[in-house]
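Pasting the structures here.
Heads up, the next two complexes both have subunit A, just with different partners, subunit B and then subunit C.
The block that comes next holds the complex of A and B.
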């Protein structure tokens, strides 16, 4: 298993270089270093000399990928791409164009992102699995039918609607919770309740339908019939056997997104004033802060790869037939 | 079933209990705060990028830097037109003029004979900086935190983590030090380019610093080792700035944070290795002498300003208009500033939560977004804005002000179709100026928040003429004493005279097609762009919209590839020069990279501008400005669109609010009534608990049949 994980981590290096290269190319197709300088220096009184000075100070005065004026390996290393990318592989993200340390920002913002994303994920998973099992239990009855209708209705509504409706009713009309904001420690609970509630409700439709499909597929299998033939109650069949076997796709689907929870959610963070990583990324894109965009894409790719490795591990954990070699 | 019902009921009751047990309103977004504390609550939508006075230039940054840093001058809070008064200076300095031989010249010397202007500024003794560890000294008088080991720095992640702090008196050298900082290549000050054209020796200093920075990229630049001819310390409390030639507008720059003092100790403190990695920089942890200091800097969540215990004190202004007196703005005259102990700014990116919190009393003031405009404001039959009944019931007050800014549609004067100064092109542009009905635009898209522009100078600035006397005669006319847009027939006639009868080229018969470059996108922009097309439809002229992103748009303007484009300008200072220079030929965007985006170049206008910029306000200057306005209205390089009007709201417990579009240090004048706020917050935010009871009941009602069904089913199969 250890050899497998190491091998997968080594495979990750070319993938991360590729992702980095792609991000770099896409970013600089749209923005030139001059554009970045102008945006940072503001719209007024910007002279060409000021732009040149900014580029020198921020390391954008070199060729993008190939330095024809240099010799030997410097042709590749004395470039914007190399200078701004190499350090990331040891998780040195450097500074954003606003001068703030990106690593510091990521560490600070990870907590608030997780404070929302983790409860939404865990509670959402429990609620969705429970609701799906309930629908499967009452399959082909009016409860199942209306459950599916409810899921389709919930799926059809935009996520933004849940946020606005939640804020309007719970925070504005009924004055039960703060409409937005964030605080650390015990005070923070009041602030995360509403976004977590909204996040869970918004995910019930799609989540429950998906799990219902998985459980329905399982429930028609031979081992379930055997269990019933042995005289087990329906509840025991569902919770002891169907749930356990249905957990394979659920777990693998869940594990792959687990590391990405760090990255936060853009809309939720923006509307609820959560100082997480989702809003950090979007702010950086708007500000054409390449250093932050590159760092966040790199981190996202790395976490996704970690998620895939964890998925493989979880396969072997939930299904003893799977062996990692 | 009973068990599940009991669990749900218990959960509901627990929730109710928790909400009921909250010490304050359960929706209060300020945990641990006292509702009746003398704290002002506000918001910011975009995190500030820079708080270093050499770098900061945005309005959202000025909201903080304006309260922390003190340049020598400030704008009078109440007087209009905007008037400069001393802040840390003893008096507003008057420039002394010298010829090339260094001989003193009289005040009325012609600008051409003036080789240098000197501003001698004497600051008031006894002003002290906010408490800061950079000033902390040990018993032997050595700075405690100027030679920190990496491990010591690692222990401190915030300024408050440093155990000791100190202060010192503000001296003239701090102002000179900051002027030198403008030339520091590592700071990329946005005004260095402009100021190096005016301040003697600043350009040379910039070059010397750049050379030093290149020679040793890792070493800190010791500015005291680099002389600056144009800024010198005269004595402990006096310094002198020398300007090339005559530049009367320089005085306004002395009211901006760019010319605020920076103590060398702060730079030395922050320059230590490891500080920047913890975001401990002057750009994020300012050090000033102002009424407030930045006590908490978490731009991802909130920023907190607290009263500076060393503030030198300043009295609330006693001079103001009769209108100010009636509005109660002179009620605090002579009282010591600042009134508010603390100001909490929360990050609020979306307008909906911001607006809701304002209505709940959690923000003391608010702007009005287009989503909530109808809820807040209605117009009387006379077209005057007034608050809706619901706003008045909450004792909310409306504040309006015309911004010192302008929006315009520019013609690229280098363009072969719409550019040039020939009579036919003038008529073409005049026709288009009439066709674009900005009175309608303001009504439809701005909810009346704007004034149709008659020229480049906005109201409130010297040179602007109010009413019919100040109308643009090429686009408007006076009818019944009112300013009315000229009829579209006039535009059609002008278009025909320009060689495009009924919108077609008289020679080739081809339709006139114009191209409008814009950065605007999205559904809102589409309706605006459709409106623009409709305006030209009136002349049978086709408008092709070329949408692009910010970078490409800027690139097109720089290279002169745009034909028509929309642009705006906010005043740096309240002088007509700051608007008329946008049309000055030598500042053409294409040729010089200047701010003249239309590339307008009229010899007549240019020579008048050169005269006007050095004149003192008075009838002679007004006469020159009138002549310039006539030229620019005739040539019509811009379609003068509108002067934006800002609408804001404040609660009844907030006092001393008067829009001052030039000053950014007005927090010190604000006064609030915390007790009134506390009682209104309590009244407006009582938790409504029945929905929780209803929700629990609904859940029981939904789950109960399922549980009963389950049990029956289990009973059958067991």
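The block that comes next holds the complex of A and C.
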């Protein structure tokens, strides 16, 4: 088991290198530091001197891959690639355009992101599974049919509208909860409630429809027929047999997104003014702060790979038939 | 009549190429019974057919909006014509009234007055009041005529639509009676009972509904702003209708980029295995591990830099917006082929061990031929399901990306831009809700229709679901 995890971790390294090279190509080769400077400075202030000054300020005044002017190992280390891309492997992200250390920002912003994303994930899972089970229990009746239609209708509404409607009706019209904002501690709960509610409702459509198909696939299997033949009640069959086995693909599918919860949700956070990583990323995209976008790309892929490894481990954990080699 | 200069934007060319490809595919499928069979199943589902009709209406508007031209400037000589820099489409020409009747600023749906008070001259004195709109309800004398006029127009439009659908129904019945050789009464009875081999009632009702809705909208739009006007006084109905093309382009052209990548990489990985498989798996794990929105954002920022530093390549604003739309499709396609590729890889891994593939290999059939004759046709249903399922997701993604600021050009008509421009209007007092409402209604209709149609297609094509329903 330990050897397997170790090998998976080693396998992750080339993938991270690939991600790193890809982002390096996108951000520095296709789009040169000169272009970035021009974009940042705006049309009025573009002079060669201003561009050079901008590059020096941001540390982009070095050669891309190979510094011919330096000697020894500095030929490779005193380059943009080493300073800005390779450094990310030790989570050294440097500074954003606002001069703040990106690593520090990430650490302080992870908490608020998680405060929204984790409840949405857990409550959403519970609600979706319950709704799916309800539809499966009443399968092939009008209740099931209209349940599915409702799911499709809910799926067809853009996530933006859930947020806008939630903010407008619950916060502005009925004054039940604050429209946006964030606070730490117990006091913060009233700020969290609305984004969590919106997040859960927005996910019901696709989530419960997907779980319904999983449960339906399970319910057609032989062991379920055996259980019924034993004389078990339909409820017992559903909860003891179908639910337990159906949860295997559901939980393992959920594990892969678990680490990504740290990243938060872009749209939700920016609408609700939550100082998390999602709104950080959006602000960076809108301000065209390439250093932050690059750091978030790396962080996101790192967390995704962690999720993949966790998925493999959880497979063998919940399903004894799967052996890791 | 002024002459015009046709303009073929990149996305126009691709859309019509796609249309041609679909027509060729339809022609091919019609000749092969085994390919036609699942489509017959789709055609028997009322929900899928109703959705298909709605989609069809959207597609017609989108196609009309894809025939672009530049009109001749009125004061330029006939022998050396000069053309306007404004790129219009056939759809614009058909709805020129909507496009040109611009008010000063916000006005509510079907209103005859502006939404903000201004100083107006009345009976010699200057008072602060809601001024009348320049076009919306301008034919009315008094404010209390408005309601009856709206009702009258709605009824007239709906009646016209109803009459048109009756005419269509008559033609359809005549054609069907000739084809099926039933008596007219017998066919009508079969239609009413729903015992035809296609969902006749749903189709006829849906067509009637669409025509009546269209008729009512057209009647109302000739005298009012049906969905109100936006901040600069433009008709919101017109903006929403123009946005249809953007949504359709993103939903279809992105898939056009995805397909070759997904099919090519997926099948070669699964069929050849070994180091080819390793490389392709590595490639898609890397792409997959990068958060999709961020990759799209990064690529769009880069395209933006390119367009801004090479302004001389694009002669009109429409061409510039169009190339950005195309780039967005390209980027979304490049980032989203991984899911389908993984699916196809898994299936081809299974297929390559089947007896008929082994037999083909034993006969010395080349790999290319095995893939094209034996592997690909057996994967086609997966590809088709993926196309229809992805469509609605892409339309929704456009809105989110435009909100973040990495979507289509801000000057382009799109539902994402409408939402983005309108989301702060809810904070106004009194609330300006109609832009959001219109974007919501149009987007919801398109996505819902696409989802329902996709469900029908999936149920008909997916062999795993075959026995369940």
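Criterion: the second predicted complex is superposed on the first by the 297 of 325 C-alpha atoms of A that agree within 3 Å, B and C clash if a C-alpha of one lies under 4 Å from a C-alpha of the other, contacts with A are read in each partner's own complex, and residues count from 1 in each chain.
One rule holds for everything that comes next: a contact is a pair of C-beta atoms (placed from the backbone, for glycine too) under 8 Å apart; a residue touches a chain by one contact, two chains touch by 3 or more.
All values derive from a computational prediction rather than experimental measurement.
Upon superposition of the two complexes on subunit A, a steric clash is found between subunit B and subunit C. Shared-chain residue A:156: touches subunit C; no touch with subunit B. Of the two partner chains, subunit B and subunit C are each touched by A:38. Shared-chain residue A:283: touches subunit B; no touch with subunit C.
Of the two partner chains placed around the shared chain by superposition, neither subunit B nor subunit C is touched by A:93. Residue contacts after overlaying the shared chain place A:181 against subunit B, while subunit C stays out of touching range.
Within the superposed three-chain model, A:121 lies out of touch with both subunit B and subunit C [touch as defined at top]. In the superposition on chain A, contact is made by A:26 with subunit C only, not with subunit B.
In the superposition on chain A, A:164 makes contact with both subunit B and subunit C. In the superposed model, A:301 lies in contact with subunit C only, and not with subunit B.
Within the superposed three-chain arrangement, the count of touched residues of subunit A is higher for B, of the candidates subunit B and subunit C.
Among the options 242-250, 368-376, 404-412 or 458-466, the segment of subunit C that ends up inside subunit B in the superposed model is 404-412.
Shared interface residues of subunit A, touching subunit B in one complex and subunit C in the other, are 30-31, 35, 38-39, 164, 167-168, 172, 288. If you check the complex, the residues on subunit C that touch subunit A are 282, 285-286, 288-291, 293-295, 297-299, 301-302, 304-305, 308-309, 392, 396, 399-400, 403-406, 419, 423, 426-427, 436, 440, 443-444, 447-448, 451-452, 455, 468.
Across the complex, subunit B is touched by residues 30-32, 35, 38-42, 44-50, 53-54, 56-57, 95, 98-101, 104-105, 108-109, 134, 137-138, 141, 143, 164, 167-169, 171-183, 187, 190-191, 228, 233-235, 270-273, 275, 279-280, 283, 287-288 of subunit A.
Taken in their complex, subunit B has these residues touching subunit A: 19, 25-32, 47, 49-50, 57-58, 185-186, 188, 190-194, 210, 276-279, 281, 283-284, 298, 300-301, 346-350, 352-353, 356-357, 359-360, 549-551, 554-555, 572, 593, 595, 685-689, 691-692, 705-706, 709-710, 713-714, 717-718. Residue ranges on subunit A touching subunit C, taken from their complex, read 14-15, 18-19, 22-23, 26-27, 30-31, 35-36, 38-39, 152-153, 155-161, 164, 167-168, 172, 216, 220, 260, 263, 266-267, 281-282, 285-286, 288, 290, 293, 296-297, 300-301, 304-305, 308.
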